[in-house]
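So that you can tell them apart, the chains are marked A, B, C, D and E in the order they are listed, and the count of residues begins at 1 in each.
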Amino acid sequence: MYLTVVIMLPLLVAVLLLALPRLPERAAMGIWVATTAAEVALVGWMWWRFAAEPSGSYGTEFGYEAKVSWIPTVEAGYHVGVDGISLPLLAMTAVLFLVCAVWSLAERRRPRTYAALFLFLQTACMGAFAALDLILFFVFFDLTLVGMYFVIAGWGHGDRRRSALKFFIYTFVGSLALLVGFIGLFLGGDERTFDMVSLTAEPPLRDSPVAAGLVLLAIGLGLAIKTPTFPFHTWLPDAHTDAPAPGSAILAGVLLKLGTYGFVRIAMPMLPDAWQRWAAVVVVVGVVSAIWGALVAFAQQDAKRMVAYTSVNHMGYVLLALGAAGLAGQADAEARGVATVGAVVQMVSHGLLTGALFLLMGVLWARGGTYAFGRWGGLAGPAPVFAACFGVAAFGSLGLPGLSGFIGEFQIFAGSLQAAPVAVVIAATGIVITAGLFLTAIRRLLTGDTVAPTPAKSWGLNDMGAREVAAVAPLLALSLLIGVAPRVLLDVIEPAATTLAALIGG
Amino acid sequence: MSGMGNPLELLPEMLLLTGAVGGLLLGMWTPQRRQGRVAVVAVLLCLASAALSAAALAGPDVEVFHGTWLVDTITGVVRVVVALGAAVAVLLCRSSLKGRPRETEAYVLVLLAAIGSITLAASGDVLVLMAAYLLASIPLYALVGMQKDSRGVEATLKYFLMGAFVGIVMLLGITALVLGVGRSRYDVLAAVLPDQPTPIVAVGVLGVLAGLAFKAGAVPLHFWVPDVTAGTTPAIAAFITTIPKIGALAAVFRLMDGPFADVPLDVPLVVAVIATASMTLGNLAAFAQDEVLRLLAYSTISQVGYVLMVVAVADRTDLALPALAIYLAAYTVANIGAFAAAAAAPEARTIAEWSAAAGHRRWLVLSLVICLLGLVGTPPTAVFVGKLAAFLAAADGGLAWLVVVAAVNTVASLFYYLRWIVPAFGGVGGGAAGSAASGGPGAVLRLPVVVVHGAAAGSIVLGVAAGWYVAGIVG
Amino acid sequence: MEVPDPNTSAAGIVLAALVAFPAASGGALLVAGRRADRFAGFVSVAVAVAACGLAAVVATGRPVLSLPFMAAVDGGSLSLAVDGISAVLVVMVTVVTLAVVVFAAADLPADAARARFFGYILVFLAAMLLTVTASTVPALLIGWEVMGAMSYALIGYFWHVRGKISAGTTAFVTTRTADLGMYVAAGAVLAGAGTLDLSGLAALSGGWADVAAAGLFIAALGKSAQLPFSAWLSAAMEGPSPVSALLHSATMVAAGGYLLIRTMPVLESTGWAIHAAAWFGVITALVLGAIACAHPDLKQALAASTAAQLGFVVLAAGVGASAGGIDHLVGHAGVKAGLFVAVGAWLTALGATRAAGLRGAGRRYPAMGAAAAAGCLVLGGIPPLGLWATKDEILAATHGPALLTAGLAASALAAVYAGRILATVLGGRAPAHELDAEEHGTRRVPAVATAVAAILALASAGMGALALPPVAHSVKELLGATGEPAPSLSSMIVTGGIATVLFVSTVVWRRTVMRLADTPLSEWLGLPRLLSARPVLAAARFAAHADDHVLDRAVWGVAFGARRLAAMVARSDDGGIDRAVWAVASGARRSAGVAARSDDEGIDRAVLSIAAGVRRLGRAARRPQTGLLHQYFILAASGLAVLLALLVVVG
Amino acid sequence: MSEVVLIGLGVVAVATGIAVFVVDSMARATYALLASFLAVAAMVLALELVFLALITALMMVMEMAIMAVFMVMFMMNPGGLMPMSMMHNTRGAAAAGIAVFVLLTAGIWLVDWPAAAGPLAVDPTHQLGEAIMGSHMLVMIVVGLGLFATIIGGTVLATHRGRYDRFGPDLDRAPNDPIPGGLPR
Amino acid sequence: MMLQIVLTVAAALVGVGLFGALSQQSIVMVMMGLELALNGVLLGGAAAWYFLHPSVADAQVLVIVLLVVMAVEMAMGFAATIAIYRARQVDTIDMADELSG
């Protein structure tokens, strides 16, 4: 019940916002921020309770479970719960939505609808992370799609309709592939259920490798598009470029995680044998994504596109780790556990840092209406706060120790090496390219002579205001916290993640 | 042998018939401007019929008229859905026919066609099926051409000639069945047909399938759908593309589950091929459509394809019946909603015109988006649950390839639904000044808008409550 | 290591404070920003003094510390431990830092963003201390990488000056490339030994040992600016002089050598890595020594000589002379920091770093000149001064004629470049127009700077005491390397003699040596080209192009082609069979046209054909809808016939 | 004997059927069609279905009469004197017709037909009556509804004047017919 | 044997009717073709009763249904023809092609 409140509260408020026509716009925004703050508090309480529990009990069990039958003939229902893998993602989601709400306080275009849409999106995202039923997961998964489509199409800029359409169609393809895969899981099991817990306990299709492979292919395709991995990532840069800053932050920070989370929550535990059999392919896809994403990002002339492409790179690492976690023949459970933990940390870390980076891109857009590297320069002078924030976020994103990115990437590399040494060595070159591209970005944007596009000059080139800092700073602070004291996060993740790694080949 | 049974089992149909006859008589003495009272009578009787049917759903399966009328889950679902659909259709017709001389007759014909549709589904005898085919077709011919405008009468003519042609094919099939079996009841057919010579079975099965495929608007007998839909008014189109289809699809389901289940031919494969062809052709043809109604027409063709997935596996899996039940209801709601949106701006023929006329109404657009996304199968709308159930059933019935085809087609369908959603939503975004409100082509009618909202809400409610719905009727 | 609960012991807390205190105060300075400019210098001197004190406590107490940090595996924690080597380095690092901070406080202009500078320096100090005390891979890697990042920030400290940040980028990316080795080594030790503790390295065997050794080796080469990574050190000279003095001579670059000495067991266990280290070290000493002899810019020459001197440390790791290596590291740190302070002070005063401008600088500022001269003597390995003794310790362990010859040649080169520098700064005064080439000079050398340079030079000179066997022995005991060979007296005389002769000759025939400046040596032998990002950029551009034009279009082409052509054909096809024929013809022609155009744009042909196929289907789907009833009849009948055939044939 | 009759009638039915689409006027086509219908009715009679044969014949005669009137009223070529040909796609249609015929015939001759299951009913009409009032009552009910629908639908489509045209929108005035004599209300 | 012959006649009628329905332009003539085909089916129904299943009345009822279909379709056909003729002065199906695509 508690969890249901956490999930549904934003939706409820969204409906309320739309239903009260007399509500002043400012009040609506206030309610939005208050709601998201309440969500953070609610999730925070869950975290606190979770941490208070003796560790290890959440390896396979779920907390805050709620179960209501929905479509009884096919054993699909409203079943939600939280474990060590989903809780951090829920927390990250809540935080990101809070900062996006703060950020959007200055939104002037139909703010009430905007707030309602974001709240709706929040319910969808939280629901997807908490879902313990394949169909429920799919429902929320698809709803995020719808919500984000309208965010981009309605509040984006540039060629926003086209980008939104591309995003929608592309990821819709993915979600349908996912659905086909889910059906395969349903039919393959002895029990005929969509319940994730049951399917994890008794993985279906153990006796039919070909069918399991096909099902994994379908699910993998769907998740790969959402994640996105090479070569299914091309919707990403366009969607980001034309999305509003909070939309980008949510898209990259939260929605992409749905893909990787799906791998962790569905593909791996429910098809352990097939995952093991095809793990090499996952590793290759991860490595190619990491390198390709980094290279393409390096060549971008547009700062936001660059940030977008680095997501491909970072998600490539996650896939690498998850693939390596599946190579049970080559590595012991301990190393694979480290890799899995790293993958989950990387998801959280990427959410925080990329969210911050996209909001910072929003600072550029708000000042000058362009993200082009060529139009900006020397911003460290007039905008030191922006420069500092961007620097921290960039270094975090390139994996500097002390920030969260390192915690994820180090464990990914260290844990995966035993299983896939060559792949890790190749993928690790990605962190050099990432370093190069972020430092290049810093050089172009922040240093040298101060350059700014015409509109910014005429308005005066202000540094980040209090609202913007209030939105970005918490993300960076959390990243720093995780980087310095990762146990806060790892204590929650490790039991569940290592159990998962042990499940494969076990 | 059940004998005559209790004719009162047909009370829901009798109510509808009462509505038809009573409405006609009432209309005879009703002034032109006040024919709304006929609509009220019709709607009330539809609702009563639906309520009665819903109550009867809980009861046991019974046979009436010597097994030629079957009251069971399929019949029950179709009864409820058709009666409610007919009520909505009457409302929609009211908005476009208000005060016309033939208004009363339109309601009467709607009710008669509804009875025909239910009869298709409830029939337990191929001869009754044929008669139901007639009853479900003839009122529609008249309804299509009601306005007597150039496009309408052309549509009537095409619909009628196509129907007559297919009627012959169907009769040919029934004759073949009777030649072989000598009897027309389903249970006898189910028992004897498997032993009959292949040519007889093949012609018989295909003939009957052809007739029902025509009513359902499935390939290769779909040609009437776009022309008729585009030729008539949106309100009538909503009715024609929804209600008879439900009856026909339910009838095919019943046949696949009974008489055709054990024949030595691969009938499910043929149905699957029809399903594939329908969804694919419908989607492809809709791609470049600019006319709202034609687009929706093709969309209904493809939707029929999805239902036929379920039909194909009718006797192979227990999942088929719930899938059919939920999909039919879901499809009805979403499709009526979409057509009602078209009916809200009857003057607008193309998508652009529609967006100009109604795009500034944000709630209308929102509901339309829900209905269209519902047709795509986006959760949590009802069609999503239906599609899910259909996919499951088909996969469980050994037609996994069909599931893949259907998934691909669903993606393809997104393209043209978005072709309407995007400009409509753009109207919300861009038309803040409300310039389109005054200068647009034609006003927006109130009643259809209400129907759109109702459909949108219904789609979501049905989607969320799908479990209880299915459990209530199947469980 | 079996200390009961080390975390709560007083010594453990001191160790934690040693790292955390500079880090925290540095972070505070950075956050405070320009508001803290005025007292930043003072604060950082105080912190450095405190660090020195803490270091002394730690060096004697030898505490260990373990904080839970990362993975749930053994060694995932953040563990620090102080053994002999660490004790020496901890003291060395804090002392040199204190000296440099004092110098910087005097050298840095008052209006500069001092808080930022000192903040970076203090964070760097913390990272360096973490590196030398780390006993687990995560701890090591944190120090290692943060060090690199601070180096970047400090090199690019004057961000508004074009080129500074680029130089920092080069330095950081280069060292990070090498750092990949560390990541790989971490994975290898986890895979091979199931732990992330550095002690696990010794337990490795077989392939994982090779992988770990290779990774660590590459990481060390990068950090210590050994070949082939040397050139980043040249770029790093763009940074302020105190930075060069601290990071790029005394501390950060030393970390590579330190790491190799630390991990000698695993290098040895592979068999090949130990030889590779010896040869890479000695070749670096030779090549970079030659560059140091030739480079007309004194700062650059000092940088090259740094790499060359560290080559000896790497050689020491390769030949198993850990004590010699550490001694050399420490000695070199002192002397090189002193020399950089001198050159930095002159840069501030005279505005020049090139030999032409610095000629006679020692005569202008005699005190500083004396300190620099002392430094040069030490650097040149003149007996009985510091580096002479330490270098001999390394050479004593060197076996094999080739390696030994190369080592001797390298030490001879050291005498040459040291002599050249001495000759330059003590030569005739440079004409006024050569001054202020780099920046506007203040013509003033603060006494503090002179004192710092002198102290550092004298300290390292004093390390000549190591030539005395008892001293050397006690140091070896301290470092736990008692078994290592000591140099024989004769060899020490030989090396000292060679060095002295060459040093003096260079000073005498300095013009001949100066001519080397016209050779490619003055451009670092093209080594910077090795670090060019051009291939990566080219690959990146290719990938980006492919991404936009192949991958994206592929998807888009399939998806939208269908609709577009369907619309196109719909216009041309208004029903009627004969028109349809025309439509097919024109459609095909149009497709061909589209194909030709798109091919120019680089779209994949296969994709196009799929798209065309879908389009054709879309067109075909609506072609039957002619509006002509008799055609509907025919089509329906044909369709039914097909279905009938299907039914009969398949059934 | 009955075989000869049946074959003969069959030939007549088919021949006149073909004639419908060969003759060059609509009137003649109508008569040819009537002839074909009557031949079939006669065949049905030969199959001892007296009642069905009779109503077939009667219905067809009436229908053809109506059709003839219809043509005179509406269509061109009154009296069927002017030769005309309104055909399209003759070849395709012929091919389709022949294909269907061949297909069906092949089926008919391939099937191994069983013997009659049971004796001929003494009174087929009685048997039919029993069925209509018994087991097949529902068929007739639905058919009846169909006819009801046909009446309404046909009227709606075919007439352009309804009660409101005749009696005014409020149904309160005397019939206003172009040709007086329509039914009162 | 006779069964086959009668059925062949029926098939021939269906074939001819189909030919007519496909080849004629005039709406009324198309309807004639359809009626002819129906007539053939009717013959088949009668044959089914006489030769195969004389003991049950189902085939007879089929014939009744066939008759009704013929009548009803004729009626609706005329109505539709009148309607389109009134609206457009059109009496051939080739001219009814406004709706397409």
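By definition in this document, a contact is a pair of C-beta atoms (placed from the backbone, for glycine too) under 8 Å apart; a residue touches a chain by one contact, two chains touch by 3 or more.
None of these values were measured; they are calculated from a predicted model.
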| item | value |
| --- | --- |
| Any chain that touches chain E and chain B | C, D |
| Chain hops separating chain D from chain A, counting only touching neighbours | 2 |
| Pair of chains joined by the greatest number of C-beta pairs in contact | D-E |
| Longest centre-to-centre distance from chain E, chain (CA-based) | C |
| Longest centre-to-centre distance from chain A, chain (CA-based) | D |
| Distance from chain C to chain A - Cα centre to Cα centre, in angstrom | 32 |
| Centre-to-centre distance between chain C and chain B (centres being mean Cα positions), rounded to whole Å | 71 |
| Between chain A and chain B, centroid-to-centroid distance (C-alpha), Å | 42 |
| Distance from the mean Cα position of chain E to that of chain C, given in whole angstrom | 91 |
| Interface hub residues of chain B, defined as touching at least two other chains | 127, 131, 134, 138, 141-142, 145, 148, 153, 156-158, 161, 165, 182, 184, 199, 203, 226-227, 415 |
| For chain C, residues contacting two or more additional chains | 559, 570, 622, 625, 627, 629-630, 633-634, 637, 644 |
| Set of chain A residues in contact with two or more other chains | 169 |
| Pairwise chain contacts, counting only pairs that touch as defined | A-B, A-C, B-C, B-D, B-E, C-D, C-E, D-E |
| Touching residues on chain C, where the partner in the complex is chain A | 33, 68-73, 76, 137-138, 141-142, 145-146, 149, 152, 156, 159-160, 162, 164-166, 168-169, 172-173, 176-177, 180, 183-184, 186-188, 190-192, 194, 196, 211, 533, 536-537, 539-545, 547, 551-552, 555-556, 559 |
| Chain E contact footprint on chain D (complex, rising order) | 3, 6-7, 10-11, 13-14, 17-18, 20-21, 26, 29-30, 33, 36-37, 40, 43-44, 47-49, 52, 55-56, 59, 63, 66-67, 70-71, 74-76, 86-90, 92-94, 96-98, 100-101, 104-105, 108-109, 113-114, 116-121, 124, 127-128, 130-132, 135-136, 139-140, 143, 146-147, 150, 153-158, 160 |
| In the complex with chain B, residue positions of chain E that touch it | 7, 14, 17, 21, 27, 30-31, 34, 37-38, 41, 44-45, 47-48, 52-53, 56, 58-59, 61-62, 65-66, 68-69, 72-73, 76-77, 79-81, 83-84, 86-88, 93, 96, 98-101 |
| Contacting residues of chain B [partner chain C, same complex] | 157-158, 161-162, 165-166, 169, 198-199, 202-203, 205-206, 209-210, 219-221, 223-224, 226-227, 263-267, 269-270, 273-274, 280-285, 287-288, 412, 415-416, 419 |
| Chain E-touching residues of chain B, taken from the complex the two chains share | 127, 130-131, 134, 138, 141-142, 145, 148-158, 160-161, 164-165, 167-168, 171-172, 174-176, 178-179, 182-184, 226-228, 230-231, 289, 294 |
